[in-house]
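Mind looking over this structure? Questions follow.
Labels run A, B, C, D, E, F, G and H following the written order; every chain starts at residue 1.
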Amino acid sequence: MNEISTILQQYKEGGLSLQEAETALKHEAAQHETGRIMDLGFAQIDLERKERCGFPEVVYCAGKTVGQSVRILSALMNKYTNVIGTRASREVYEKLAPDFPAVQYDDLSRMVYQFTDKTPINGDRIIAVITAGTSDIPIAEEAALTAEIMGNKVQRIYDVGVAGLHRLLAHCEEIRKANVNIVVAGMEGALASVVGGLVDKPVIAVPTSIGYGANFHGLSALLAMLNSCASGVSVVNIDNGFGAGRMAGIINGMR
Amino acid sequence: MNEISTILQQYKEGGLSLQEAETALKHEAAQHETGRIMDLGFAQIDLERKERCGFPEVVYCAGKTVGQSVRILSALMNKYTNVIGTRASREVYEKLAPDFPAVQYDDLSRMVYQFTDKTPINGDRIIAVITAGTSDIPIAEEAALTAEIMGNKVQRIYDVGVAGLHRLLAHCEEIRKANVNIVVAGMEGALASVVGGLVDKPVIAVPTSIGYGANFHGLSALLAMLNSCASGVSVVNIDNGFGAGRMAGIINGMR
Amino acid sequence: MNEISTILQQYKEGGLSLQEAETALKHEAAQHETGRIMDLGFAQIDLERKERCGFPEVVYCAGKTVGQSVRILSALMNKYTNVIGTRASREVYEKLAPDFPAVQYDDLSRMVYQFTDKTPINGDRIIAVITAGTSDIPIAEEAALTAEIMGNKVQRIYDVGVAGLHRLLAHCEEIRKANVNIVVAGMEGALASVVGGLVDKPVIAVPTSIGYGANFHGLSALLAMLNSCASGVSVVNIDNGFGAGRMAGIINGMR
Amino acid sequence: MNEISTILQQYKEGGLSLQEAETALKHEAAQHETGRIMDLGFAQIDLERKERCGFPEVVYCAGKTVGQSVRILSALMNKYTNVIGTRASREVYEKLAPDFPAVQYDDLSRMVYQFTDKTPINGDRIIAVITAGTSDIPIAEEAALTAEIMGNKVQRIYDVGVAGLHRLLAHCEEIRKANVNIVVAGMEGALASVVGGLVDKPVIAVPTSIGYGANFHGLSALLAMLNSCASGVSVVNIDNGFGAGRMAGIINGMR
Amino acid sequence: MNEISTILQQYKEGGLSLQEAETALKHEAAQHETGRIMDLGFAQIDLERKERCGFPEVVYCAGKTVGQSVRILSALMNKYTNVIGTRASREVYEKLAPDFPAVQYDDLSRMVYQFTDKTPINGDRIIAVITAGTSDIPIAEEAALTAEIMGNKVQRIYDVGVAGLHRLLAHCEEIRKANVNIVVAGMEGALASVVGGLVDKPVIAVPTSIGYGANFHGLSALLAMLNSCASGVSVVNIDNGFGAGRMAGIINGMR
Amino acid sequence: MNEISTILQQYKEGGLSLQEAETALKHEAAQHETGRIMDLGFAQIDLERKERCGFPEVVYCAGKTVGQSVRILSALMNKYTNVIGTRASREVYEKLAPDFPAVQYDDLSRMVYQFTDKTPINGDRIIAVITAGTSDIPIAEEAALTAEIMGNKVQRIYDVGVAGLHRLLAHCEEIRKANVNIVVAGMEGALASVVGGLVDKPVIAVPTSIGYGANFHGLSALLAMLNSCASGVSVVNIDNGFGAGRMAGIINGMR
Amino acid sequence: MNEISTILQQYKEGGLSLQEAETALKHEAAQHETGRIMDLGFAQIDLERKERCGFPEVVYCAGKTVGQSVRILSALMNKYTNVIGTRASREVYEKLAPDFPAVQYDDLSRMVYQFTDKTPINGDRIIAVITAGTSDIPIAEEAALTAEIMGNKVQRIYDVGVAGLHRLLAHCEEIRKANVNIVVAGMEGALASVVGGLVDKPVIAVPTSIGYGANFHGLSALLAMLNSCASGVSVVNIDNGFGAGRMAGIINGMR
Amino acid sequence: MNEISTILQQYKEGGLSLQEAETALKHEAAQHETGRIMDLGFAQIDLERKERCGFPEVVYCAGKTVGQSVRILSALMNKYTNVIGTRASREVYEKLAPDFPAVQYDDLSRMVYQFTDKTPINGDRIIAVITAGTSDIPIAEEAALTAEIMGNKVQRIYDVGVAGLHRLLAHCEEIRKANVNIVVAGMEGALASVVGGLVDKPVIAVPTSIGYGANFHGLSALLAMLNSCASGVSVVNIDNGFGAGRMAGIINGMR
């Protein structure tokens, strides 16, 4: 299905406003893939990212209209085997599905993705994704899926928060075997320090906004993780599962 | 040594300004111990606190002039065996020492105190005071001394933060034997949750301002402790060793 | 009703997604109650908590899917007489009700619970639950119910905030008779300090998010309570009625 | 002593830098009291304030150089009987004293003032200044002195915080007799609400920065007072004793 | 209509849950108007407030169930001519209307009230209610109605913010004639300082949450007003029109 | 269509409540365009703004009722060719459209406007509006449209954030040609500093609330932009596209 | 005096540590002015800034050692007529003075500068620098001096804050004549909005940290200015007089 | 020199108080190196850290007394070749120097260290340490020294902030060659995102507290870095050079 008909189709179905459709069509004509960038007017798609960084641009769908997200993801899915859109509504997935049969949607993490090349690029080096509670799983899944789609083996270890140390210690062996650890925790975020003290591998800490009251939307876990008394711990934004998965993947690929 | 001569002496040595001395003398005349309150003009000393709460009023010296602190502490030390002043400068101690030979000063916790009745009131029931690091000791000592002067046995367990779990687990036995636990920790304050998960006794958590950067003067530990995923944990103000010692003492006295 | 049919039933009714159902079934096979932990994949249920802490694990339902909450609560309700789920939607209750005829739901506090063993474990020792206003009652009920289900006698004293001191003083007798006091207040949270000054028993302060403007979702009451000039006061998280009820219960059980 | 010689004198003694002295002299020549404003270059002194508002401009000395403060206060003291400088260093007082024999300095409140006309302007209507603790007295004195110099009778009631309600209730009579109440409190600031509930007169609440930790330099008291559940309470800035004294004076003068 | 039938009626219509109805009925029996307090179980109604403070208790309806609000307001409306409920839903009004024909509801300010005694108690002394913008009117109306129902004459001066000074200066005369000024402003809240500089009467400043971005829900206006360089300005909570109206009324009644 | 019939029409359709309609009609009679201000009761419309500032008052519709917004905009659209309402709902547009055929609505920026005089007032001097991402476009459009309606030529350069510097450098020429630059960015807001370092023209930075977690609704970008290490950068409120467009327009008009 | 002897001299006098001196000497050898950058190891001096932006790099001395500041400023003063160092200690000035006879130091603003080319580059176009109070003058002087050294005429209008509007209105004429206005204000920062409403030229607002309490080190003025209801106002960092002066200079140079 | 004489010596010289000396001596006797931990009473030294994590415990000296720091560092320096103390005063160094001739002190980073084994453990894999400005160097040196002492090659690239992109681009080659990048920046912290976009290796971002005003002690850079639009960036605490150096070293050692 070519670009112009896609635009018209979306316009008819309300995915694009009149204004958006006009803009899109105008750009279609002018669109030059000038070596490095595909210019859609409302977005400049980086076409050398995969060459430069090993993976194509990842699309952050929050704040974009459905039409914008679909247009950008279509362009990438036409070009690459593995493509990720984060914080996407199910509607984005539904608009993509007819044209891209391999596209998938994960309700928990709200990721839309095409994952057709499953070659592991980092052999048996495992990234462990560990959560303090069940409520942290959506963010953990964002991290785990990101790492998997980018070619890593992932081990999930969920609900092993510090209030019941034996739950954590029961998984100590697995945690120590992992090459990189991602720790996902809300509330007091203490799990990052405890895991950091158990291993000699890097720990990527992801504070989550799980909790209430003096949690202040993840601030408590964020501050706790930044102040970790364990070394070998660094932190990404609150609820940024994608960022942690990406960072862990980059580290896992080093040799 | 009577009150009037104390005032004059202090005035001569600069501990009281002219204005303060005048006020003090004026009140000396008018001072009625009307059953419940001794009115010094700048302070209303509660004379029934010991009867009502088991321990006389504790004097928070920060923000008071040396002269004011000395006047209030003198009045209490004349009347009771065990008296506590917190956040006191060494100067307060030095002004009290000549008249009160039993008075002591602890440089770490900045407490000035008279501790002449050492009868344990709560038998062998132990309050454990646990710190995450060496830097938390000054606040821990404020808690420990407070509890001791109020008649409790205290066990100090220092520098057992979560980044090296084995240090903590090595003291697990002692911690479980304690009747009440005070956990003093700065940085990410994770120790409170971990201890809370190990015991079935109350844990009083004291966040400290130890740390830097995103610690924000103790905010990180405070928020972490308030958001503890362990139950049986409650929290006092940042650096409030006294409050924790007092609360633990009250709980330790319950039967 | 066995676990597998429960899972299938829930899947059919939409309580579990396809993905969740698969995961659940996979774990059903593998589920080992290896002494201490029942591993559901998305949750590690602590089976020694009751032995260790006197009460089984309490399930915090916010952030969990309905299916997850139901699965965890079912497992616990099959095993124990008294079980608590906090911050639960009515839907969780409705899914549990057919299989667990004793299950109850409290609309105010949003607790779902099974409370079949009503033996008082702490005799006549009373926990008073005191609120500043009518709007604080939902949080107070969370505290009161928690304490009751865990075997304590509870006395409710509601709407006695400090702007009308005589309302409070009229209940002074009852407050002084209680063994532990829970003070639930929003806005300026002053009630904790006033109660703390009236009694020589521990006060657990619960700031609530009741108010508006410079209340900042409970921050005003939280800070006020942490800065209480009364000793014998410690604080739990904003709106954390459960935590206060649990802490008070632990203290009430000491002897 | 004329203005020019004052400037030169101050320059010699280091109170004014060369640059400041030059500027001052330049303005001396050009200075026109054009009806309403005396222009000193670095300050525009409002000469109609007394006519318009009943009291001349009050000089906030913090952030001004000693030379600037002295120059402005000199100009006002030459013209009016009662003049106030707040947050002044003792040095400002010492520079003024030779020329203005009536000038006084209060070490606690750091006010410098000339108070030669003591005619009460509001008869027997009393402003009560009430503090929670001894440490709040410096701010309370700023309020009390301000009100007195502006012609009001003031009653000081100090150290009657809510942790010992009987101390407050012992002064209930006096508090109810006052026409306006100023409540000065740090920490949890609860006193404002309690007083607000006892009286049917306006309460001006002054949060102080007394405290530590989660006090956050007065934020706890400020938020508590803004969220007071008592009506008839309004609030001024943290540590703003002057503002409270002024506001209370204005209200006391209404009829 | 008697209390018991009211309860039953409300229960039938869903305004009270089963649990609430039971509680209400239980209290109906036990309800003693013991001189000073009517105890409804979930609320302690202060029956001496009017005698003590000149106006009956005002009911803050946010956070209360409709049933609770209606019960409390009914009790007061039966007893007094002028009664106020703030932050009430229209539903509360609709439940009251059949029994209290004089009850009114204001959509803007969300106040429900009975205002049958319109005797002015403060003669011609006017309270001016001034807003910076049109969007501040709902809060201003809460202040204005409160003051009116409590017996004051009110003059509304709306949309005279400082970005167009001539709009303000055009009303200078009226503002100066008022006995008390209430200034209601969001965004940068500058209007309070400007009005404070124009008058020699008290200014009650009400920050509103009008604005966006770095307004932080009224924080910008709140801080600005607390830091006003004009004296004679004090502040109430963000969006607290009621508090300002009440405070202004108390001041307006002084003589 | 005259004013009175407009009011009645709106009342019938529910755009104005009874109360609003009464007020509006009352003012209609009394409405004097006294030289400078049209007084609608709920709004004082500045009629000299265009003369004074070159453009009529801009109406901020958030917080106003639909009826109020329509009334004010009607008054202005009757009088001027180019009129702007910001943060308007589509409903405002729909109420205006029948009477003002030239009125337009932009869904992205939520602006309603009448733009009939398209004479460029600043010749070929271009304002560049640059965004970091696609999600920043709604705010950027508010800025761009504002500048255009006020008579400026605008060049849009969208999605050139710093994580892919070559995208920005590809537009370096255009950016350097612009007379004023508006940089619209959320997240870390780094684009403002980078653009500020590339040009010697003024940069107006607009932080947006795009992002999540430690973005804190635009705080991260706001602080970053205020701390820009590049000179020649100043900042407007979070999401204040209008303010940036207006400021840029004023600067673009200087000569 | 050549570079090497300068380094040795500074080392002898303690301005450079041994380590710093070694590093400096090492770089001296290697220092290439490779077209665009002079590399001192600890600093990369931009040698094309003047060509690109019309003025050489300005040195922010806070956080640099005296030795580092002196080295960088020397390099620039050798090359350019007009050079600025901000936030410099007097010691930096004293080390520069022997070698650069034209160097000057301003105690108020803590600027060190060489200002030998006084050619006005923007003719008679005036930048007005306006302060709310006397205490804001140091920041205002930083702005004024920056603008002057960069070739602009500056008019200082000090102490015209909004609490006495007539002081401001008395300077209305001058303010309206200015081409750009810089408004420097602490406390509530209201002056920016008022000036913004009076003029049709750009206003650069500088919040200062003047004030106390809920001023929170300039936050109150910063938020107020960002929320200004006047358009044509943009804001720089708290106390950033330099940034405002630079921005105003750039704008003043446009034509 | 044995431990007991060290203690006595320090006591004599005032490095230990009487109390500290007593405690130290008491522990000397009891000190068991029980396999894993050396217990000094005030500190539990982890003796298996090197085996477990590849490097002995690092001592954070802030908040410890000089005597405590010296005792802990002595114990480690006796046992290991490479030892680090961070945030140490020069006095700690001076007390260690007589006994440990290899000990060094770096004034900028305030690190005290023994670095006798300089074998590179990670071959030619380089860690680049990049700063935005000269003022960020002290923190950068903490990172660089940490990495070096732990066996890594480090390349320093200082003062290449984003306001002059050509300075950064001039070092692009070196940055791309590095195996791990540490970016140290205060103010707006934009450098982390820009570097993150240039490389496909991990970036560890260190916000510094360099700046003033709305920098809020490093908060601006911290938030900016957490919100980085570049992937492959994670963050450590404000000013935590050590943490970044350690994390980078761990990553650099992966293969």
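Note that a contact is a pair of C-beta atoms (placed from the backbone, for glycine too) under 8 Å apart; a residue touches a chain by one contact, two chains touch by 3 or more.
Computed from a predicted model, the values in this text were never measured in an experiment.
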Which of A-H and B-H has more C-beta pairs touching across its chains: A-H
Centre distance in Å when chain C and chain E are each reduced to the mean of their C-alpha atoms: 34
CA centroid of chain A to CA centroid of chain G, Å: 44
Centre distance in Å when chain C and chain D are each reduced to the mean of their C-alpha atoms: 49
Residues of chain C touching at least two other chains: 133, 164, 186, 213-215, 219, 222, 226-227, 231, 237-238
Which pairs of chains touch, using the document's own definition: A-B, A-C, A-F, A-H, B-C, B-D, B-H, C-D, C-E, D-E, D-G, E-F, E-G, F-G, F-H, G-H
Contacting residues of chain F [partner chain A, same complex]: 106-108, 133-137, 158-160, 164, 166-167, 170, 186, 210, 212-215
List of chain E residues in touch with chain D within their complex: 52-54, 58, 179, 200-202, 204, 222, 226-227, 231-238, 242-244, 246-247, 250-251, 254-255
Of all residues in chain B, those that touch chain D in their complex: 17, 19, 36-37, 41-44, 46, 48-49, 60, 62-64, 68, 72, 87, 207, 209, 217-219, 222, 237-240
Parts of chain A lying in touch with chain B, wherever the complex brings them together: 132-133, 161-165, 186-190, 192-194, 196-198, 211, 213-216, 219-231
